[in-house]
Every structure is written in structure tokens, then in C-alpha cells.
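Notes follow the structure.
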Amino acid sequence: MQAEARLLSRVLRIGLALAVLGQIAWSFRPEPSNAQADLEVEGRALFEANCSTCHALDATGTVNGPSLQGVGPASVDFMLRTGRMPLANPNDQPQRSEPKFSPDQIDALIAYVASIAPGGEPIPTVDASAGDLALGAQVFLNNCAGCHGAGASGDSVGGGQIAPSLTPADATEIGEAVRVGPGVMPRFGPETIDQQELDSLAAYLLWLRANGNEGGLSLGRVGAVAEGLVAVVVGLGLLVLVLRLTGAKR
Amino acid sequence: MIVRRLVDGVDERLDGTSFIKRNLRKVFPDHWSFMLGELALYSFAMLLLTGTFLSLFFVASPAETVYRGPYAPLQGSDVSLAYESVLRISFEVRAGLVMRQTHHWAALVFVASMTAHLVRVFFTGAFRKPRELSWIIGVTLLVLGIGAGFTGYSLPDDLLSGTGLRIIYSAVLSIPLIGTWLAYLFFGGEFPSAELIPRLFVMHILLIPALLVGALSAHLALVWHQTHTQFRPKGTPEESVTGTPVWPKFALKSVGLAFMTFAVLTALGGLVQINPVWLYGPFVPYSAPSPAQPDFYAGWLEGILRLWPNWEFHLFGHTIGELFLPAVVIPGIIFTVLALWPFIEARATHDTAMHHDAQRPRDVPLRAGIGAAGIAFFVLLMLAGSNDVLAKYLQVEVDTLNGVLRMLLFVVPVLVFAITWSICRDLRARGAAPIARPARVEFRRNAAGGFDETHADGGEPAEPVAATPADGEDP
Amino acid sequence: MKRAERIAATAFVVAIVAALALFVVYVRGDGPRAEGVLLALALGGVGVGLLVWATRLMPHIHDETHPRQATVPTTEAERESAVETVEAGVEEIKRRRFLSRLLVGAAGALGLAALIPIRSLGRSPGDSLFRTKWTSGARLVTVDGTPVTSSTLEVGSFTTVFPEGHEGSSDSQAVLIRVGPDQLQLPPDRLAGAPGGLVAYSKICTHAGCPLGLYLAATHELRCPCHQSTFDVLDGARPVYGPAPKPLPQLPIEIDDTGGLRATGDFTDPVGPSFWEEA
């Protein structure tokens, strides 16, 4: 009995020592960085509070929201920084609004989603200042104007979907949308729109915010519908007013 | 002194009688709604002025060149000479952009005021015998105006107008038997051919304006010769016309109106951007921008195309294309019925009399109802023609919107007809004033203890005034 | 000075000043806004002046009532004589029956001759609407001539392709789309022309001929920006919404030894909207 007890005690002691040693060794494990861990911890909290209801705790999706496996940081960043996510009601169309998270919180969420759903498109670097305006205009007219409109003011594309106005989008968001293809939008890989073309596209769209209205009021850049309305209501309207003021009324 | 010699000179050569006196004293009724046609006339004058300026700079050629002008986003792009010249007019020619935009605004206001004028003539029955020819020429002018607008809109060779041309080409192609030949002859071959821009240019600055000026002269000559219809003042005979003499009052007023029209058009031209072709980019056959709408006067045609079901007919190994009915037959029927309306109405009412009095819409409730229903129909079609833009602003699904519009197209005109018809009947039954003015009556107690009644405003009771029952029968 | 007269005078002064200012603006090249506003002021000044003058300062010119000369009917005798004059002329021409028939013949011949210039307006359609520039073995290239390979497109992307040597061609334009390899629901013979989920259709809408600019990747639909015809890419580009009456013709393609894409023939049907000669 004595011997058995001593043996047991030794085993326990060695086990304990091993456990302690292991614990110490574990704490010296090669970690990515403390910052990254903190980011993921913060991201996890945010994800569980804001995203997991629809996308599930493990980001594999529920009936209310798609799986996030493989979507990648570009997509997550795009949805969050343009305020499209989180949705108050999972049946709503995601639309641009004030972002709900600070840039740091968004970084945390991207880090966390990347840890539980790896892969996908990385956030593209877009440098509008390296772009060429003329190339950008060409890329835009050939690939984007069909849905977003020649004036980038957006249009409805059927199925209840709206190709949004591109005026508020910054260079990174433009790049993310091109590479990811959010919603019903098709994605454009580097084989279709290369880095130089992407930079140029951003350059043109940023230029378009403040330029291109040499003719005066832009009327929302929706073209003939607004022009016709102005011609009838303002043009003909003013002239009929003149007629009413100067002609007999009975 | 000069006037005297001028008058003598004209008098000796043109007519021994009082030609000048007669025509200077000619009178025009001055109800405001009778001047809508003048707005169209003066918009047309502005079109000729600005158009002449533009034609000095426009190059009607599809030949390729590389853009090297000041508009940065297109520098180095392959563009046609036509497109390049429009950019040059817009950005390099002094006052070119204001001229170009004024020209385009004038085109829209031209067609809009012609339409308003047509509506006025319709509702007042001013097209009735003996003025049917004026009406037909007027409808012709409207068609020519739309044609002038469309050919002009297509000249800059930009992406948006190229899409419009392609639709017209497809519509011509759909005509049975001769469609392909017609399309190839008219467009110079399979779309897009190199012949197109020069041909459109000749049509836009020569053929159509010549026809317009001719038809316009005939229209004005007829009005001058036949005199206006009028809301006849009380106490004047029907075989008379009352109004302001041409010289000097009406002339001054009319010239003043011309200048006001010019002022509104140039203000729009300077302040409000129209058809920014630099944003649309040069025409390429493999791209289409959106929203892709034509100018507003073709909006109802676009609406028919968007709502029409996808019916296609196959017979004896041939195909009648989907576009044939909505793009060729329906517009053809609409314009034919419009042009022949005076005869249709005269036949329906067995009316062969001469008419010089303008009617108020309520005098003929049935016609007023038909007219109002027609307006509702066209407005709905124009909404359908801009359904994608509407859907964007209303935040609704464009396909749902189409379904709703299709239904409304059958319901609304009928409702509008019924409402207009019954309102007009009520108004007509009540007499002249929309709401019969109650006669002001004073009651005064008399010596016998009863009441004497006197009419305070000259003893005029609320009786129907100026209604013209003789020609006011329902059609 | 009456109030109306003051207004008219002011308007004319505004017109004069604006017209002079317009001269300065024009020389300096200040752009459309200044030009438009000054033009409007100059023209509108004259307009307001004239209108106020005519309507407010000419009250002593009253409306006049005149008889309508045009409506005095001609007498029956006058009409009769007009008819007789016309008919007498016709009779005189008809009397020379032989000559008058020849005249009709000459007019008809001239009319036929006048058709010649019309004929020269365009060439004969022939079978040009039935074929495009695509031939068996033609390489698929983008608009700038870059050859397209099986790796150019990722799933969910699309691009516009042309036969090599005919970049930008109107009737040959096709849209190449990549979907998941098992998603296409085509009959076997058509599926053979769509290797690896790469499928090509004519880019010209079968309704009114607009290029199909919109690809809704999530629902695999091609949509026309002009009249919203919608085609199901997975199901042979069958029209699922809108006025288009028939599917988009498919361009059969294959992947060659180097991974490049080539057509194996022309489109399965004539491209674009229907026309009479089409079966």
C-alpha cells in the first residue's frame, strides 16, 4: 500500500511538474504578436455581438445570412466601412450608410473573421494618384457605366437591385467592389481590370466628384428624364407664366 | 417720309386697295392660351439661330481621330471627328457650349410648346371646319419637330445617342417583307455604317428644316387667311373676329414674347447642363450606358417598348419581329388618328357647319374626356419610359413598377375619362361660371309687410352666359 | 413718368448694360454661365420692356371687331365655272389620247429611273444578317486584342470578346461569362461549346439590339439597360423577363492546347432582333 501510494504521489508530482513546465513553455510559444491577439479578441466580441446572429458563431452562415467562409478581408472591409453591414433586419437590401464601427473596430472584425474563415480576396491597395484619367474613363465606360450610369450616379438594375451612386466611394472601396463583386455585382479579377486600370478607375471616379459639369447644374446626372422635366416645368412653365401675365384670361 | 414712300411703293405693286391698312389692322384674339403656338415659333427661331452657329463648327464625319483637346479624361482616346468637333464646340469654341446647350433646350421647349398648343387647339375645338388643314399641318409639324430632335440628338456620335439609333435601326428591321432592305438603304448597310452621321446631318440641317419651314409657313398663312378662332365676346356676331390690332400693340407684344422665349432658353443654356456627351464617351457598338433614355418627346415611345409583351409572330418561314407592333404600328396608328381627328369627330357628330368660336372644354364633355384620357395615357407611357430612374428614386423594384404601370395604363385613362366627362357635364349644366355666381339679391320690407326683392348688381341674375349650344353638342 | 414706363425703361437699360457686359465676357472667355445669364438678361430686358409697353402703356388701343373675310362663301356659279375650267383643260389633254398615254408612260419610266439613286443608298442585305465574323478556330480576344485564356475569368466574372482581327465589331460582339462548372443547364450539344463553366453569348439584345451591359452575377442574369430584357445565363440565355422574345444565340467555344479560347463556329442563331427573312 505504502509503495503504491508513493508511486501515485510521484506520478502526480511529475505530472504536475510537467503541466507547470508545459504551461510555462506554452506561454513562451511563438505568438504572431500580442496586438494581433488583442485585435482578434476585440473582433470576437464585436462579431458575437453584431454578426453572429445571422452569420453564425463560426461564420458558416444561418438561414438569415450567408456563410463568410472564404469571402476574404476585402469583402468584410467593404461591407463594414460603407455601413452596409450590420443590417438591422436581415431581409433589408444592404445600402450605404454611416459606418457603425470605427476603423479600429473594423480592423478587429476583419482580423477575427480571417481567423475563423480564412482565405478570400485581400484588401486591395488602390493608389488613385498613380492612375491615368483617360484610361480610367475608358475602363469605367466599358465595364461600369452599364449599371452605375455614365455619370456614376447609379441606376436600378432589376430584381429590386440598385447599382448605387459611386460619388461617395473612396479609392479603397472602389477597389474592393471591383475585386469582390458585392451583392449582384460581377467581380473583376486582375486579368480583366489590372492594377494600373484599377488605380485609373479610382482616379476618374474621384475626379468625377467635382468635375465634368462644365455645362452647369448637373440635374443628378440622370440624363434625359431630368432634362425633360426641366424643359417642361421650368422652360415651358416660365413662358406660360409670361403668357398668363400679359394675355387676356377670359 | 420713308414710311410714306414705303407704303406707296407697296400699295402700287401689291394691291390697289388698302392692303397695308387691312393687314396692319388685322386683329388677333389675345387670350393667353392662344399664344402657345408662338412659343413654338420663337423656339424654332432660336433653333435656327443657334443651329446655324453650330453647323459652322460641326464635322459630320465618322472618321477616327485621337482626341487631343482640353477635356482630360478623354485625352488620347480614339473618337470620331463628329464627336471631337462636338467636344471642340463645348470646350474650345468661344460661347460654343452656351450655344450648344441653348440649341438643345430650345429643341425640348419647341416640342413641348407645340404639344401644349396642340392640346389647346384640341380642347377648344379650334380644329373644326374650316381649319382641318391647319390641324393636319400642325400634326405634321409635331412629327417633323420630333424627327429634327432625334436626328440632332444622334449627331454627336456619343455612346447614349448611338444606343438610340440602334433601336430605330432594329425597329425598321422588324418591318415585314421590306424591313431589311429599308434598314440597309436608310442606314447605309448593317448598323453601324459609316454613312450614318453624314446622312443624319443632311436630314437634320437640310431636309427636315426645309420641310419644317415650308409647313410652318403654310400653317401661319392659313391662320392669317382664315383668322383665329376665338372665345367670342358677348354681343359680337359669329361671323366676326375681335382682338388686338397687329400694329402696334400685338406686334410689340409678340416681339416681346419672342425675346422672353430667347431669354428663358439662353438662361437654361448657360445654367443647366444638358446632354453632357463628354461624360457618355464616344460611341462604340459594344457598350451601352444606363440610364438610357431618349429626349422627353420620345419618352412615350420608349415607354411602349418597355411595357409591350414579348410577342413575336412566325408565318410561312418568316418572322415578324417583336418591335414591329410597338415601335412601328402603334405610333403609326396614334399619329394617324391624331391627324384625322377633325374628320373623325365631324363624322361622329354629323357636323358639317363652319365654326369660328373656340369652345370651352366643358362645352363638349365627351371630347374633353377623350383628350384628358389621352394625356393620362401619354404621361403613364413617359413614366414607363423612365422606369429605371423612377425605381431608383422610389426605391421600388423596377419589374414591379412595370407591372403596376401596365395595369394603370388600362385603368387610369378610363377613370380620367369618366371624371373629366362628368365634371364637364356638371359645369355645362350649371352654365357659364365654374361655380354659378349667386345673384346678389336684396330683400326690403315693404309697406304691406311683405318683401320686395331687388337685384343689387344691376339686376343680372345667374343665367348662362356665352354658352354656345349651337355647336356644343356631344360628338 | 408712369410706373409702367419706369419699369419698361429699367428693363431696356438692363438689356443695354447686359449686352455690353456680354461683350466683355465673350472676349475674356468666361464660360457658359456668365454668357447664358447675360444673354438672358439682355434678351429678357428687351422682352420685358416690350411686353410692359404693349400691355400697360397702350390701353388706348382697344380690341376691334372685324368681319371674317375668308368665310364669305363663293357663289354656286363661281364654283361651277371653276370646275368647268379644270374639266375643260383635262378634256383638251385627253383629246390627244395617244400623246397623253405616252406622257403617262414617260412619267412612269422617269419614276422607275428615280429609284436608281435610292438603290445606291445602301447595299443589298444578302445573307449578311445571318452571319458574323466568327469562324471555327477564331481566337477570342478582348477589345484591345488580348487573347482570352481559360484562366482569364474567375467564377462570377464576365468580359466582352471579339474574334481576333475584328476587335470592336458590332455584330460579332459576345459576352464571355464564367460560372461554376456544374451550374450550366444546357442540352448536351450546347454544353460541349461551354467548357469548364465558360459560356459565350451574343452581346446584342434580341429585342432592340442594345448591347447587354448589365451582368447580375449573383442571379446569373444578363440584363439590357435599354428595355430591361433579362436572360438566364445558366439556361441557354433564355429570356426570363422583359420584351425580348428569344434567347441570345450561343457562341460555341473550346479550350485549345495552350489554354487559349477559340470559337468552334458561328453563333447558333442570327444575332440581334428578329427580321422578316429569319425563320
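As written, the chain order gives the labels A, B and C, with residue 1 at the start of each chain.
Rule of thumb we're sticking to: contacts are C-beta pairs under 8 Å (C-beta built on N, C-alpha and C of every residue); 3 or more make two chains touch, one makes a residue touch a chain.
Treat the numbers as computed from the prediction; the structure is a model and nothing was measured.
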| item | value |
| --- | --- |
| Most distant chain from chain C, judged by the mean position of its C-alpha atoms | A |
| Chain pair bearing the highest count of C-beta contacts | B-C |
| Between chain A and chain C, centroid-to-centroid distance (C-alpha), Å | 38 |
| Whole-Å gap separating chain A and chain B, where each centre is the average of the chain's CA atoms | 48 |
| Separation of chain B from chain C, taking each centre as the mean of its C-alpha atoms, in whole Å | 20 |
| Residues of chain C whose C-beta touches two or more other chains | 31-33, 36, 47, 51, 54-55, 143, 160, 211, 213-214, 225, 228, 241 |
| Where chain B touches two or more other chains, by residue | 30, 97, 101, 253, 256-257, 260-261, 264, 268, 270-271, 284, 287-291, 388, 398-399 |
| Residues of chain A touching at least two other chains | 142, 145-147, 155, 157-159, 214-216, 242, 246 |
| Residues on chain C engaged by chain B in the complex (per definition of touch) | 26, 29, 31-37, 39-41, 43-44, 46-51, 53-55, 58, 61, 63-68, 70-71, 118-119, 121-125, 128-129, 143, 160, 162, 168-171, 173, 203, 207-214, 224-229, 239, 241-246, 272-279 |
| Contact set on chain B toward chain C in their complex | 25-27, 30, 94-95, 97-98, 101-102, 130, 163, 166-167, 169-171, 173-181, 183-193, 195, 225-227, 233, 236, 239-245, 248-250, 252-253, 255-264, 266-271, 284-292, 302, 305-306, 308-312, 314, 317-323, 326-327, 354, 356, 387-388, 398-399, 402 |
| Chain B contact footprint on chain A (complex, rising order) | 133-134, 136-138, 141-142, 145-147, 149-151, 154-160, 162, 204, 207-208, 212-219, 221-225, 227-232, 234-236, 238-240, 242-244, 246-250 |
| List of chain A residues in touch with chain C within their complex | 142, 145-147, 155, 157-159, 161, 163, 181, 183-189, 191-192, 214-216, 242, 245-246 |
| Partner chain A, residues of chain B touching it in the complex | 29-36, 39, 72-77, 90-91, 97, 101, 105, 108-109, 112-113, 116, 159-160, 231, 253, 256-257, 260-261, 264-265, 268, 270-276, 278-281, 284, 287-291, 293-297, 299, 382, 386, 388-389, 391-392, 395-400 |
